[in-house]
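Each of the next two complexes has chain A plus one more chain, namely chain B in the first and chain C in the second.
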Partner chain A sequence: MKQKLSSLYGRDGTKAVLASLISILIGLAVGSVIILIVGLANPALGLSSAWDGIRLVFGGLVSTGRDAAGSLTFGFNPTNMGNMLFRATPLILTGLSVAVAFKTGLFNIGAPGQYLMGTAATLMIALGIPSETVPAWLIWALAFVGGILAGALWGCLPGLVKAFLNINEVLACIMTNWIAANLVTWMFDGSQFRNVVENTKSGYIYKTSFNGVETAKLGLNKLFPNSQVNGGIVIAVVIAVLVYILMSKTTLGYQLKACGSNRHAARYAGINDKRNIVLSMAIAGGLSGAAAALYYLSGNTEFFWSTYQSLPAIGFNGIPVALLAANNPIAVIFTGCFMSMLDIVGLQLTNLTAYNEYITDVIIATIVYLSAFSLLIRMLLDGRKKRKKAMVAQAGGTNTGAGPSSGAQEGGEQA
Partner chain B sequence: MQSENVIEMLHITKEFPGIIANDDITLQLRRGEIHALLGENGAGKSTLMSVLFGLYQPEAGTIKKNGEVVKINDPNDATALGIGMVHQHFKLIEVFTVLDNIILGAETTRMGFLQKKAARAKVEALSERYGLKVDLDAKVEDITVGMQQRVEILKMLYRDNEILIFDEPTAVLTPQEIDELMATMREFAKEGKSILFISHKLNEIMAVADRVTVLRKGKYIGTVETKDTDKQSLSNMMVGRPVQLEVVKETARPGDAVLRVENLVVPSKGHKRNAVNNVSFEVHAGEILCIAGIDGNGQTELVYGLTGLEKSGGGSVTLCGHDISHASIRQRGTQMSHIPEDRHKHGLVLDFTLEQNMVLQRFQEPQFQHMGFIDRGAVRSYAEHLIEQYDVRSGQGPVTIARSMSGGNQQKAIIAREIDREKPLIVAVQPTRGLDVGAIEYIHSQLVAERDKGRAVLLVSLELDEVMSLSDRILVMYEGEIVGELDPKATNVQELGLYMAGAKRTTKAGEQV
Partner chain C sequence: MTFLIQQTLIYAVPLMIVALAGVFAERSGIINLALEGIMIFGAFTGVLFVNLTQKAGIFAAAKAADNWVALQGFELLAMLVAAVLGAVFSLLLSFASVNLRADQTIGGTALNLMAPALVLFLIRILANQNTLQMAEGDAASWFMIKKTTLGFDRTADLGFFGNTFLHKVYLATYVCILLFVVLSIILYKTRFGLRLRSCGENPQAADSLGINVYKMRYAGTTISGALAGMGGFVYALTTANCAATGDVAGFGFLALAVMIFGNWKPLNIAGAALLFGLFKCVAASYASIDINGDGVYLLAQIGVSPHFYRMLPYLITLIVLAFTSKKSRAPKAEGIPYDKGQR
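Showing the complex of A and B:
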């Protein structure tokens, strides 16, 4: 049993998971400390509010409000759970977008722009095709595909300049992000999709439900009543599995990864490196576009349009989602849910305590920082393993021949 | 007699996780001798020297200097004891000048200001005395590899080191530079300095060393006087079995031309002059044609032009009757195997597993995929077959990450992959660089076997021995042009050297210029 455990511990995958978990725990701990400091510094809050805040940071998802005595109650909260899944849907997809690019050696910081282009295409198709003549499900499907294609097209641009002009994709992505932001504003500015029915609002686009187009609930609304959840999360999970299969089982994934980890060797082997760079960015862009499509096709979300468009945080948050998941498409499902859980935590903090939701931004920022350190944490884990082994060896234990990767590497170096 | 041994390393044992790099090794270095340390890749030579230089701490064993036990915790201790080392990969700061590099870490200062004048005088004196020509004010990035090595040697002399360690110093040098280095080493020994010389090149060891200590797989095999031994018995000691030093091959029976190159031009990166200028030649089935030359005379670019890694700037390349001047790399790959010069840059995806690397060109063939899905079972069994047939050694077989394998086995993996593709033309660029005798013997016999199967082999090599023993025909490249065609049976190393240095050339018709 112990041997089984230690072999599990020695696996790279286990180490990656551990490193991410440690990042998350430290992030939550730092958030708690900040809550404590703010609580003590602000006379309106005090220690008891700080304690409430800390408990919400760790258990916001399962908080059910306050009881008659005014203390926090915890238990299964289907609304929170459903909302978490709803908010996780686009995060999983932008996370996949960043992860796919990372796996192929590219840093896709262009997810916000791809997301915006996906948004524009989805809304224009969903609202532009009259539902009196065309069945709603068909409009839904067209809008979904349109969003993916628009994102893919937008992802292609940095890929093309990278492949043919050797311009760093990070620079190109940042530029295309802002081009997308202003392009989308301009397009909606001149469109007839501005919400003029609900007059209390200005600067919003119609919800797709105005046209009767909505993602099917698939019974999830019965499982999680009073929440925004819909079938989008199922689609996101299916896409994550498909991406996993694409990257690890197919010849296309093999080529993409070969180009990503050694472009020269890929070229040497006759793999078209330029094509694969463009393709990889197109896939990444398509995933970001899908994120936007699923978010806005839910029917109850509104796209805020104004004269000045900022970049959507969902796009950027794909980066920590991918980093925490160590770019594993399946792990992205969980880290996406985790990041959206932090959103819920923020809402709970605002609703139930005098703290505001921005504290969760601090926690997210800390986790993002630490996820960049996850490699270091992994190395520390490695060091611990080595020390343990040395102790075992000294105690006269048999050399199990374990640690072959590190051992062989050092063996190779001293050759 | 009492202090004849300057350095004694007694019963040194150094372990790394999963491997014993040095197992009870004893090495005694006498004053004023050149002592060679011989062993295959991974035999533990570099580890032993790193222990002496204070980079590693041994688990067991003692080090004595002049009979007294010393403890060497880091390279500073080693320097204090007069031990200096020229590493295989030079430890120089590229953007610093030669002088700055030499005094770095041993600067004389007054009130915090560098006193370069005295340092310059001392370095100049040393450089004069030993004939180590360097340009003190040039930046290291601008000087040749040979001069960089002289800088490293001057660094040791500047620190008044008495014990000099050379870790594979000749691997990067031209034949002429090797001769100069040997002369310098002899000069040092004559003055009473002691030299430890790590190498697996038997010629050099026989030429310059007084005694040889042989290591094999981390174990001490023995110490012999060079005058009592010969290359054959040394290589047997090193490999542990009788080794065939000479390439055994029958006379070539060349067939039709497989590759025909006409007036090929490959433009150079960064220079106006073409890297390959108007080169024409043919390679026939059943022959090994060798392109000889000093590194940097256009051989690399010629191969890039042939394999498609670089676009040609003119001329034509015909392979098996098809014009491939503008064909893609993949199209060319259908008729051509390529053992690349840089196995880390081109040869392998280092973060892939061995089995993934084995199908780098072939993953799209029907036997390895179905409808775009890679058939892992087929890839695994193919990789296992290659590993077995070509004796590629690795920690975990097919799933070993290529990066963790030793250089020799990485090269063997590439050779297995390329030869097994069974293409009419094999382009092999420095296929044995950095490998030990055992591996070299193996690779040479493979190339000869392929030749005898009727394949055309284009060999690019910087090693004169390899050129002379393996090739059926030699073309010498100098400054991007072919300056002569030689018959290895009718020429000698000296004549070849003259062509390589550009001192001699023959025109197409064969008349000398």
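Showing the complex of A and C:
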């Protein structure tokens, strides 16, 4: 039994999971400490409100509001659960987008721009085709595919300039992000898609349900009453599995990963590295586009079209999702859910305490920071393992060590 | 024309100083992708310092007496505070990338995520809204140098140069230009500068000659952080009326592009920054630019969408990078963690 446990502990996957869990715990602790400091420094907040804030950081998902006495109550909250799954849908997909690019050695910080282009294409198709003549499911499918294609096209741009002009993809991605933000605003400015029916909603595009187009609920709304959850989460999970198959079971996936490990060696082995870089960015862009499509096709989300001053956070949050998952497509499903749980935590904090949702962004940033040296955390874990191994060896047992682990460290091409 | 030059300078100078910040980090071998985040943090700390000092009433007497020397000192003090805290913030990056040999791109991204989150969290608690402003008055009445502050008459005509460079300007702009010159000389003409640059080219060789690579990289990143923090505050002061919003609209990344376009050399960077400042200025105030002073607002009248002007700086960056990237020569060892045991 002990033997079994230690071999489980020695596996790369286990170590990756442990490293991520440690990162998450430290991130949550940092968030709590900041809440505590702010609470103590600000007489209007005080220790009890800081304690409320900290409890919500850890247990916001199961928070059920405040009782009559004004203290926080906790319990199973299906609405929060459903909303978490709904918000996880785009995060899983942008996480996959960043992860696929990482596997090819590219840092896709362009997910926000790809997401925006996907949003624009999806909304224009979903609202532009009249639902009187075309069946709604067909419009849905067209809009979904349109969003993916728009994202893929936008993702191609940094890929092309990286492959053929050797421009650092991080800079190219950031420039395309801001170009997309202005372009999307330009496209919607003056268009007939702006919501003019509800005059409280100035600056918003119509919901797609305005045209009768929305994602099927698949009965999930019965499971999680009052929440926004729909079939999108199922599609996201299916896509994650498909990406896993693509990356680890096909020739294309092998070529992409080969380019990521060593571009020059891959070329020497007869792999077309330029084509693979462009392809990888196109797939990444398509996944971000799919994220936007599923988010806005849900029928109950609205797009604020004057977006030229800010980029969507969902795009950037794909980075921590991918890093936490060590770029494993299946793990992305879970880390995506974790990140959307943080979202819910932020909402609860804003609604129930004097703190606001930005503390969850601090937690996310801490996690990204820690994953920059996840190798170190794993080395520490290795150190523990070695000590254990020595003990086992003393006891006369044998144990096979695992090779050096990679993962997040693969990513991040140099400028 | 006067307006155009002044506006261009306002955008070009922070770009220039932040691009130089990038140079100091990269020449020492650390990719500082966190420039944007450090700028946001610096802008916040500078504005917070101004805000708190005003609330404490320390400079209220000077303001009432129109003692502009004291007020300019106040401005310099705020710049210093932003620089110091920017440097402290950048220690997070140098610690991760020098001591822990972390991936510098991800570390920088983490700081870029951290700064707006932390800043907005604090601003929301401090000000109950998403913007932190000065406690009283505005940047123009407190810090701007005008004809009258210099003792000229309101109606006096200072000539073209006087009107452009002495009227309605900020001292911060000139301090930044001076710092730019001084630091460029330090980078190229002193022993310290040579050592710093050698760590970005060949750290192993530098180490073999007794230079402490870790120390040099810490120095490079810390100077970088100080300059970026100060640049962030100058940006907030001159373009955003001394208000912090947890956002500098991709300015830090533009500075990185300016640095690459300027080939990691100060003189080229100054030129590139002026060019980008011009585009940024066109994007921000195309509607009120009167190029030859005949009352015709050409850019607003040719009927191009404002969205196009706003897109322009980013579009030009991409195109310019496409043309220059073949020739660009980055420091050889940048982005590679230094490992003593490695050959």
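Following the convention adopted for this analysis, the second predicted complex is superposed on the first by the 384 of 415 C-alpha atoms of A that agree within 3 Å, B and C clash if a C-alpha of one lies under 4 Å from a C-alpha of the other, contacts with A are read in each partner's own complex, and residues count from 1 in each chain.
In this text, contacts are C-beta pairs under 8 Å (C-beta built on N, C-alpha and C of every residue); 3 or more make two chains touch, one makes a residue touch a chain.
All values reported here derive from a predicted model rather than from experimental measurement.
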First, second, both or neither for A:Leu376, with chain B first and chain C second: second
Contacts of A:Lys249 with chain B and chain C, given as first, second, both or neither: first
First, second, both or neither for A:Asp189, with chain B first and chain C second: second
Partner chain(s) touched by A:Ile174 [first = chain B, second = chain C, both, neither]: second
Partner chain(s) touched by A:His264 [first = chain B, second = chain C, both, neither]: first
If touched residues of chain A are counted for chain B and for chain C, the larger one: C
Touching partner for A:Val362 - first (chain B), second (chain C), both, neither: second
Doubly contacted residues of chain A, that is, touched by chain B and again by chain C: 408-409, 411-412, 414-415
Residue ranges of chain C in contact with chain A within the complex: 26, 31, 33, 92, 96, 100-107, 109-111, 113-114, 116-118, 120-122, 124-125, 247, 249-250, 253, 256-257, 260, 305, 307-308, 310-311, 314-315, 317-318, 321-322, 325-326, 330, 334-336
Parts of chain A lying in touch with chain C, wherever the complex brings them together: 34, 38, 42, 45, 107, 109, 161, 165-168, 170-172, 174-179, 182-183, 185-186, 189, 308-310, 316, 319-320, 323, 354-356, 358-359, 361-362, 364-366, 368-369, 371-373, 375-376, 408-409, 411-415
Residue ranges of chain A in contact with chain B within the complex: 249-252, 254-255, 257-258, 261-262, 264-272, 386, 389, 399, 401-412, 414-415
Interface residues, chain B side, partner chain A - complex: 16-19, 21, 41-44, 46-47, 50, 307, 309, 328-333, 338, 340, 345-352, 356, 360-361, 363-364, 369, 372-374, 394-396, 400-401, 403-408
